[in-house]
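Both of the next two complexes hold chain A, though its partner changes from chain B to chain C.
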Partner chain A sequence: MTPDGDTAAGTVDEEPRFSTWTGTARGWMLRRLPPDKLLPEDQPSYVASWIYVFGMGAIAALVYIIVSGCILALNGPAWYHVSGLGHFINSTHLWSVELFFMFMVIHLWGKYWMAAWRGGRVLTWITGVIAFVVSIVTAFTGYLLQTNFDSQWIAFQAKDALNAVGVGAWFNVTNLGQILMWHITLLPLAVAGVVALHVVLVRMHGVVPPLDAAATDAQLQQDLPQRASVEGEHL
Partner chain B sequence: MPFLGQEAVMRGSLLAEAGIPAPGIYLGWGSFLIQFGNLIVIVLMVILFVVALFLPFPRGKGRK
Partner chain C sequence: MSKNTDPMSWRMRNDIAGRPWRGRAREYDLFKELTVGVMVVGLLVLGLSAVFSSPDDPSVTLKSWATAAPADFVATATAELGGTSKTAGYGPPYNATPDASQKLGPIDLQSFSGVRIPIDTANDFVISPLQSLPSSPSAVSDWKAGTDKQHVDWAAAYTDALSKAPDNDPAKVGPGDYGPVPALTGTLLGMAQQGALDGVLQAKDSFYSTDYTRSTLFLGDGTYFPGLADTAHLTGDQWGMMNETGNYPGQSWLWLFSFVYQVQPIKSSPNADILVVSIMAVLTLLLTLVPFIPGLRSLPRRIPIHRLIWKDYYRRR
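After this line comes the complex of A and B, so read on.
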């Protein structure tokens, strides 16, 4: 596909114009997320701190949750409630969720105290909030799938709250089959999708600099005019 | 007393076999009540957060 007009594709000064939606979409994506931003080789100097590790820690835990969840789904409850290996995988599925939430909350604290929504990163912050909320719902449906007195107690307490807010008719926590489907299909897809969007937004806007970051940093120097104008609008 | 301890362990295992979760340990100060396990998780998160702020980050080899 070639761009319309006399302008050659790939020119720096003038953006190529496309007549097809695929070309337009490709141009739109490449402008916002060029390959060197999507998969960068290095990060600004201020990222060399342990406080920046917890986001990736949460993603690592999420990968294990999904892998162990796939193993549990393939073998079924007759396996993971009875066999030794099944118990083990079931337990690591639970403990990786514990780690996921711990890392996510520490990531949240870190980003809150460095006001990570600065510099046009509001959507990154909002997708993080949505990821947190959807993860809570997913973990909740996991508790309901223990199929013991604990899960029965949780379900019958929760149904009153869900009925009170008016969603009990289509999100029935006492319907085990429905909750199983939510837990192993819809909600994992939602969590993975929101987290993927969150990571793409982080790549697009770069890791937020600390409040007292040195203006001599390479990324800050590069983005300074744009960031200064964006932050100036909010002052 | 060891006898009471054994009895408690036996009762715990019977509850577990019946699928009934152990009641858990709760700590309370006035109107504030928290389960011991939840308190451990929160304290652990605060410790990790503070350590992450002050622990030096290792320098990568061969990096600019």
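After this line comes the complex of A and C, so read on.
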């Protein structure tokens, strides 16, 4: 190779070097998650199954949980007892939560049977489980916030399990003010943060290939020129 | 198969699962799918809410309890005075009752916090509310003049007499050595029936309060409140943890939690709560660590549900 060629390769192929923390961080992010990986316009051919709907469905349900929750928060926890509109918003909050959990649980089982942790995706699985657990705690505090018979009874019952493990003194389910704060600030932030990390990890790693996919499979036999020709083909 | 080439491993390797996909691709529009998803789920949410609404059974107050079940209220107040109620014998974090805490073998996490939310049932539930009345009844000073032994004896005698009276009606109790207990509980009942006790118990000398610990515990010491929960199929042995009032799905995702409570010998163990929470903690840890656990992580290969999920792919191999 000529010195000229070297220089050309150096500017074109080599990753730019950064001297600042900011630049290094940007370089790292761009390498791990380039924009076309974050927001792709195509997906591997095997990403064609009803199971992929449920992760997205959980996100969609979460959108409604947050929107209806914000409206309830604007009016305070007792509003829905006395307002027809409030009661309806409360219903949408409840049903989006029920759908959220339904989608999430189907998604969880789907990912298990797909063994979707393969190929370095273990952190995606773990953030998923954390999302599940944090969502359960969030929903629980929501049930405690109903300020009706159900929430009274749940608080009365649940204190025993929390006291038995020694956390009831600090996380006091019969203290409405404390539970309100957890439910409308700390826990939603935690859910949103964990879900965001989860989805970014999925985009970083790409969707996991089918179990036992082999280099001899027809779908992996395509060279790049041939691949372009099938790209328009909708599967 | 050596560990290193286990196809179910979570490890990043230079194989098909670990490399970027180099096979066929299909067109995919992330934002379009998200938009469609949000619209479909929105319709579902609006539809379900319009058709099924949501439950909202009014809360129980000390007033409604004292009005609907005065005998139960008086019996409970008596137990609070005598220190024989559930709350009085609860242990940490409410009081230091010996041997009350739940234990996991030698481990006593319940006592770990100490008495951090102190509750003295006689004073907090009965005596101080009565002292907040414009003219505090003379029975209060009689009670205060009594010894601990007298307190216990008076309350025990009255509890006994109440249980023998027709309908447990305080008005039908025969004479006996009850000290000031009938006067105390009777005045407290009147106070509760007028709705004055709710505010006093909750606020405890402050204008503001968002803490319902005392009222909730007092309610739970009676039989009226748990009875309502029982009718609404909400108690623990009815899998109440995952139920809602009315015919609504509750926290059905707690089914396993609720299930473990139904299993003997946990069900009748005095340490049921700590046992169940520990079991659930271990199971959650197992779920988190599935990718690292050889047997568990290989099941998806033995039970080929993936054949269904990726039906298209396998058909076109």
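The rule is simple: the second predicted complex is superposed on the first by the 196 of 235 C-alpha atoms of A that agree within 3 Å, B and C clash if a C-alpha of one lies under 4 Å from a C-alpha of the other, contacts with A are read in each partner's own complex, and residues count from 1 in each chain.
Please note the rule applied: a contact is a pair of C-beta atoms (placed from the backbone, for glycine too) under 8 Å apart; a residue touches a chain by one contact, two chains touch by 3 or more.
Since we're looking at a predicted model, the values are computed, not measured.
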item: Which superposed partner A:Arg121 touches (first chain B, second chain C, both, neither); value: second
item: Partner chain(s) touched by A:Pro44 [first = chain B, second = chain C, both, neither]; value: second
item: Partner chain in contact with A:Ile106 - chain B first, chain C second, else both or neither; value: first
item: Chain B versus chain C as contact partner of A:Ile59, first or second or both or neither; value: second
item: Chain B versus chain C as contact partner of A:Val82, first or second or both or neither; value: neither
item: Touched partner set for A:Trp170, first chain B, second chain C, both or neither; value: second
item: Which superposed partner A:Glu98 touches (first chain B, second chain C, both, neither); value: both
item: Touching partner for A:Phe149 - first (chain B), second (chain C), both, neither; value: both
item: Touching both chain B and chain C, residues of chain A; value: 42, 48-49, 51, 53, 98, 105, 110, 148-150
item: Partner chain C, residues of chain A touching it in the complex; value: 39-49, 51, 53, 56-57, 59-61, 63-64, 80-81, 87-88, 90-92, 94-96, 98-99, 101, 105, 110, 112-115, 117-122, 125-126, 129-130, 133, 136, 139-140, 143, 146-153, 155-157, 159-161, 163-170, 172, 174-178, 180, 206, 208-215, 217-222, 227, 230-235
item: Chain A residues within the chain B interface of the complex; value: 42, 48-51, 53-54, 98, 102, 105-106, 109-110, 148-150
item: Sites on chain C touched by chain A in the complex; value: 7-13, 15-31, 33-34, 37-38, 40-42, 44-46, 48-50, 52-60, 90, 92-93, 101-102, 109-114, 116-117, 210-213, 216-217, 219-220, 225, 228-229, 232, 234, 236, 240-241, 244-245, 248-254, 271, 273-274, 276-278, 284, 287-288, 290-292, 297, 300-301, 303, 305-306, 309-314, 316-317
item: For the chain B and chain A complex, residues of the former touching the latter; value: 18-21, 41, 44-45, 48-49, 51-53, 55, 57, 59, 63-64
